[in-house]
Structure formats: structure tokens, C-alpha cells
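In what follows, subunit A forms one complex with subunit B and a second complex with subunit C.
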Partner chain A sequence: MPKIVSVHSFRGGTGKSNTTANVATLLAVRGQRVGVVDADIASPGIHILFGLEEDKMGHSLNDYLWGKCDIQQTAHDVTANLGNDVKGRVFLVPSSIKAGEIARVLREGYDVGLLNDGFRDLIQTLELDVLMIDTHPGLNEETLLSIAISDVLLIILRPDQQDYQGTGVTVEVARKLSVPCMMLVVNKVPAAFPTDEVRARVEQAYHAEVAAVLPHSDEMMALASAGVFVTRYPDHPITAALKQVAERLSRSG
Partner chain B sequence: MEKGLFNRLQGELEAREQSEGLKMSDLLELSEPLSGLLNWMMRRGQVTFADVTAFLGEDEARTRTILAALRDKGFVREIEIRGLTQYRVRLAPKRGRALPSNLWQALAEKIENEEER
Partner chain C sequence: MTSTGNILVVDDDLLNRLVLSTNLQEQGYDVAMAENGRQALEMLGSQPFDVVLLDLVMPELDGFQVLEQMKHDSAQREIPVIVISALDEMESILRCIEMGATDYLPKPFDAALLRARLNASLANKRLRDIELEYLEQVNRVMQAAAAVESGTFECDSLNPVAARGDALGQLARVFQNMARQVYAREQSLRQQVQELQIEIDEVKKARQVAEITETEYFRDLCARAQRLRQRNGK
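Up next, the complex of A and B:
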């Protein structure tokens, strides 16, 4: 049964796109066919992690929402950019990075129903096992739609008071929308914070499962979104923790 | 569903103004089982009358009343697929943002420049 996984954070800069790209890659390493939609139309960026260059982007999600193409025409097979260990496939639906096109979608709006249909069509036509939706931070119409239709909601937060409060809002909304499975990933945790304590505190605060506690990493910072971390650092502790997230997602539902 | 609950749902829908579609904020505001029904329909894409009847655990007359009320408020629409009536959630379009006209003008020029390239 294909599943929709939305990746969300209340605030920006939590590592949402990085986590999405890495988990999608690890699921594909396990042999799954994974779709990734950059639903962060106002500030897209995940295409950079997958090595999709702007001039090779072709059709984007914006084109689909404006009726210029079918959703499957916007899906780019980026598997070849992820090394040789990937048995499955990763298809990326990027959002346009052209300033004018971002401005246009903000100015004119779009058909939200078409976005919902597009998610389902992608699953069907690409025979996906998992569709991951990289959402815009905070809560807006498309973010709430993504959360509402998710089988799994992965919420990324940092050990930061602003993130803690915002995450509480997202958790409350997800419960109201009856999301079947909700997991938290605590990212960028300083070495001075004991992992088990962070996990216990966050689980207690939100009454939700913590799928992983990811330490702050200089290697991740140095990579600077120039690639997918798990393919560059297969033996790193962060990769091990992200594998647990992929494993947990595979078992969910 | 008890008659009292059924009447409450009917009343909740009647109190709403006709809309151009369901907004996610509507989904958060509506009570159960209406919000659950609409969320389930969104996930499924389209559903038959029998599906809705089974979901609500209702008799046909009450299901018809609820669906008619949802349709009248603009939240649901009927479509014919291979001769079978199906029901879909009608999602409200996302409206553009209101910004000062000179800012839109500057952005419009940017769009034109990109399209010319």
C-alpha cells in the first residue's frame, strides 16, 4: 500500500529538506520507489541536494499547477545522482526556482484541488511505494493539505524554545486532522545534550514518538546541501540514525 | 448516528455560508464526523454514495441529506464516472496575495524578462 509522508517543521532552517532527501534516498536504497515533491513553492530548494540543475529542470510543479503539463512530466528521475547502491528509484518534482514564477504563483494563487489530484496521480503513474512531500515551514493552505492527506507526518525540530512552541502547534493540528502516524526528528542537537534525555523530554512534551535524535554535524554543515549526506558519509552516526527513520517509515501503517 | 447528532450536523452546515470550496481552516473548524468524512474523501479522491453511507454508518436518506448540504455549501461536488455518480471534495483555490501594485509591477517585469529569455 503506497503511503504519503509529509515532512514539516514549524520554523525554517530545521533541516527539513535535508532530512527529506536523505530519508528518500535511504528508502530507495532499500529498493523502494520514492517520489519527492518540493511543495515549498515560495522557497524551493531540495533540487539542489539531488543535483538537479536549474537549466535541466524542464517542467516544474508550477507548470502543472498552471495547466501547462501533466504531473508525471514534472517528475525527474534523479536516481543516477545518488550513487550505485540505490536499488529503487527516486523521482523529484521540483518547484520553480525562477523568481518571476515564484512571484506569479504568490500573486495569482493556484488550484489546491489540482495539487491533491497530482499527489495521487504521481503515486499511480510512477507506481510509487512512498510519496514524500517537502512542505513550506509554518502553516498555510498547501502545508495543511499535505498534513491532512498524510499517512505519516514527520516533524523536524531543533532543541530550541521557538521550535518547541511551534512544534506544539503542528502536533495539535495533526491530531485534529487525524493523521494516522506522527513522528518527530530532533535535529542539530549540540554534543553537550545527552541524546536519551532529549528524546525522553520531547516524547514526554508531545506524547509522540521520536524517530531520531540527530547530532549537530560539522560534516553536514561543510557539505552545505551540495549532495545527499548518506551517500557521502555512509558510516557516519547521522546516517545510522537516518537509517532508523527509514526503517521506521517502512514499518509504519 | 443519533437523531440529535444528525440534526446538529445539519444545523452546523446550514449555519455556514456558501463557499467556493473547502479550505483547510474549514476542515479544522468542522466537527466530527463531518471533518473526518471530508478528510477521508480528500484522501480517496472520489467516493460512491455507498462508500459514504458505509463511512457514516447511516441510512440512505440521512446520507443523501448530508451530501446535499455539503454540496450546497460548495464543499463537495458530484461527478459522473462511467455512468456512476461519485463525490469529490471541492477544494477552494488558493488566492493570490495582495501586495502594493508597484511591487507587483516590478515582479511582472521580472516575469516578462524571464519569458523572453
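Up next, the complex of A and C:
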């Protein structure tokens, strides 16, 4: 099992947070202890999927980066919100959603090196099998760090010209960082597209493995990040495809 | 109301032909004449008729043979045939009716009877024409369904049916609309599949990559990445 899995996309809104939350949940269903870090400090959001309410948030990643608390204090056990099938655990490290705190971190920056120390501490103290990092789109410093320290990089893209170009850049940068395992997830694929064809073309374009081709789904849209899809739609084709990603991750590293 | 229609009078007797044709023309019909069976078949093959008045005993081809050949021709089969015959030929008349003749007219002609039989035959023919046209158009809709399945459907092929004011016309219109929508959807999907052509501008990509990788931070990160991963792995 790889220790650190970063989930990234060059552009926003591709499905990073949903993929992270769902794969994390599926790994926990398989019995893993999973950490999830919302490293999208500028536009946090994954806490919503896990049903973590604002007033129950307590410490966030920002507090840790500002030296206000230990990283363990920012981890929230959200397993109870994921139904009864979860044998393992899911711990979420949320990013602050307070406008002032977001503004401050963007204005002042922080010691990116602290992120790495924090991740390591989390893995050790919570005895995590895997730590998943939901990143900010684009390739800023903390995202580059997340990629650099990842054992697996999951890059999400949509069938969209703008995503293709940006994904090309990300793949190239990740190669320069010698990320041991890089996989692509093609998301929001029109249902009528032939899955195999999409997979083949994407693999050929990037010389990288495609872990899943996920159709665009009205159910996913309608859920609107109000929950973790795989717990609501256990028999949906998207759930089946995401299970393969979880299975693939368990096998790698 | 005066009925109109194209009548073919087939008789080898000139006088009979004249009497009949004069009578019919007075009633407002267009009349053509043939003096034997062969000529009659030639004319039937080259122009449309609404009714045939057919004498039985004729040189070359007789009335029975004409009737027989008409029944073997898909276009002529539906034209009503009124057999002209003397009443003492009842056996022949029966045979003709078995062969598909519509009615008979005894010689010598009675004008009122002629008119009544013609009107009845024409009315039948019109109903039958409507029925045939309907069947033909139903067939078109069925062919359209097959064409949709085989991907060869052309919307305009249903225009004549869609112009009908009845339920069949409505069916054709609904069908056309659905086919148009499906076609539009397929077009846009085809467009989208083209978007699946993954084109990457390599020059631009190299520039974008360089902007990131040729920084102090990135060089430093590269040097540390391996070490950091190993440490985390423990």
C-alpha cells in the first residue's frame, strides 16, 4: 500500500475532491486506515462531502501551519458519517473555511516544508495505511510539494481540450519529480463515449496508465457533493469504476 | 352530381362502342375505346383508367383473357371491370365475376342501369384508392422505422405522410421530429468525440513546464523529493 496518494488536476472542478473522498471511503471499506488532507487551502471543500460541519471543525490545517496546534489535533474522525460498511477509518484534516484565514494564508504564505512534516506525523501517530491529499488545481508550491512526496499521483482530467494541455504539463512535471507511480482518471465522460476508446486514447497521449474512466452522471451532479457518492449509490457504474481505483491503489507500491 | 372518370370501353362491335361512348360522354366521363383485347391491354398499360367496360367475345384476345391478364398486373388489378354481355350468357358472367370482375351490364344497354353500375364501381374504386394510398403510406412509415435502424433514414421521405391531417400523419410528424432530435444528438456527440482528439501543443507545453521547473524552488524540491518519500515510507 502506498503511503501518500496525491489527487490533482491542472484545472479546477474536474472532480478531485469527489474522487478523493470516494476512493478514501472505499479504501476504508476495505479495512484501511485512511487520512485525507484538504490541501486546497485557497478553496477548501472536501469537508462538505464528509459531512463535517463548520462549527464542529475545531482546528484546521491552517492552525497547524501557523504553529497553533499539532497536526494530530486537526484530524477529525469522519468514519461515522460513511455508513456501516466501513471497517477501517477515515480521518479528515480540513482546511479553514473562514474567509479571513484563507486570505491570510494566501497573503502571508507559510512554510511549505511544514506540510511534509505534518503528513509524516499524521501517518505515524494515526497509524495510517494511506494518506490522500486533495490538492489545489494548478501547480503552486504546496501542490508541487504534495506531488514530490507522493508515492502515487492521481491526475483527474475531463475530456476537454483545456484539460488535455494542462494534464500534459502536470505529467511532465511529475516525471521530473520522479513520482514512482502516476495514474490518470478521466472524469465526466459523456455517457455515450466508448470507455475503452477513451482509455486507449488518453493512455496513448500521456504514456501513462488510466486507472478509471468515469462517466458524467446526473446522480453525481444531483448529489452535489452533499455526501460520498459510493455510500449512496453502491451499485452505480461509477462506484464500480472507483472500486477498481481503490483496488489498484491497494496493489501498487 | 355528375361523376367524372376515365372509362375504357372494350368492344369489337363499332355500334356498341359508339352507343356506349356517346352515352358516357353525355354523363361527363372521358372515354377511350379499344376494339379488341390486345388493344385494350396496350391502353391499360399506358394510361390510368377508373373503370373498364369489357365485352367478352372478341377477336385476337377475348374478354376472359383481358380479365385474366389484368388480375396478374399489380397496377391494373384494382381497376373495376364491368362485363358487357347478353343475359343468356349467364355462365360466362358468373365465370367473369369469379375471375374478379366487379359487375355486369346486360345488352342491350339500359342508360339508367349503366349509370348506376358505373357510379357504384367508381365509388368502390375511390374507396379502394384511398385504402391503397393509406396502406402505401403506412408502409412508408414502416420502411422509415427500418431505415432508422439501419442508419439510412432520410427525414424528407416521410413528408407526404406527414402532410396528412389524420392520425397517420401525426404519427409521421412525431416520427420525423424524433428522428431529427436523435440526428441532432448524434451530430453533437460526433462533434464531442472529435474533441476526444487529444491535441497537445508541445512547444507551449515545454514552455509551461519550464516556467515551473526552472525555478530555484523546483530544483531544490527535485533534490529533496526522493529523500522525503523514503522518509515518509518508514
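Quick notes
In the analysis below, the second predicted complex is superposed on the first by the 251 of 253 C-alpha atoms of A that agree within 3 Å, B and C clash if a C-alpha of one lies under 4 Å from a C-alpha of the other, contacts with A are read in each partner's own complex, and residues count from 1 in each chain.
In this section, contacts are C-beta pairs under 8 Å (C-beta built on N, C-alpha and C of every residue); 3 or more make two chains touch, one makes a residue touch a chain.
The structure presented is a predicted model; accordingly, all values stated were derived computationally and were not measured.
When the two complexes are overlaid on subunit A, subunit B and subunit C occupy overlapping space and clash.
Residue contacts after overlaying the shared chain place A:V198 against subunit C, while subunit B stays out of touching range.
Touch criterion met: A:P180 reaches subunit C, while subunit B stays clear of it.
Once the two complexes are overlaid on the shared chain, A:K3 sits against subunit C while remaining clear of subunit B.
In the superposition on chain A, contact is made by A:E142 with subunit B only, not with subunit C.
In the superposition on chain A, contact is made by A:Q165 with subunit C only, not with subunit B.
When subunit B and subunit C are set side by side, the one touching more residues of subunit A is C.
With both structures placed on the common chain, the touch criterion links A:H216 to neither subunit B nor subunit C.
Residue contacts after overlaying the shared chain place A:R104 against subunit B, while subunit C stays out of touching range. Once the two complexes are laid over each other on the shared chain, residue contacts for A:R120 go to subunit B and to subunit C alike.
When the two complexes are laid over each other on chain A, subunit A has residues 116, 120, 141, 144-145, 148-149, 173, 176-178 in contact with both subunit B and subunit C. Across the complex, subunit B meets subunit A through its residues 21, 23-25, 27-28, 35-36, 39, 42-43, 45, 89-97, 99, 104, 107, 110-115.
On the side of subunit C, the complex with subunit A involves touching residues 189, 192-193, 195-196, 198-201, 204-205, 208-209, 212-213, 217-218, 221-222, 224-226, 228-229, 231-233.
Those residues of subunit A that touch subunit C in the complex are listed here as 3-4, 116, 119-120, 123, 139, 141, 144-145, 148-151, 159-161, 164-165, 168-169, 172-173, 176-178, 180, 190, 192-193, 197-198, 201-202, 205. On subunit A, the positions that touch subunit B within their shared complex are 98-101, 103-104, 106-113, 116-117, 120, 141-142, 144-145, 148-149, 173, 176-178.
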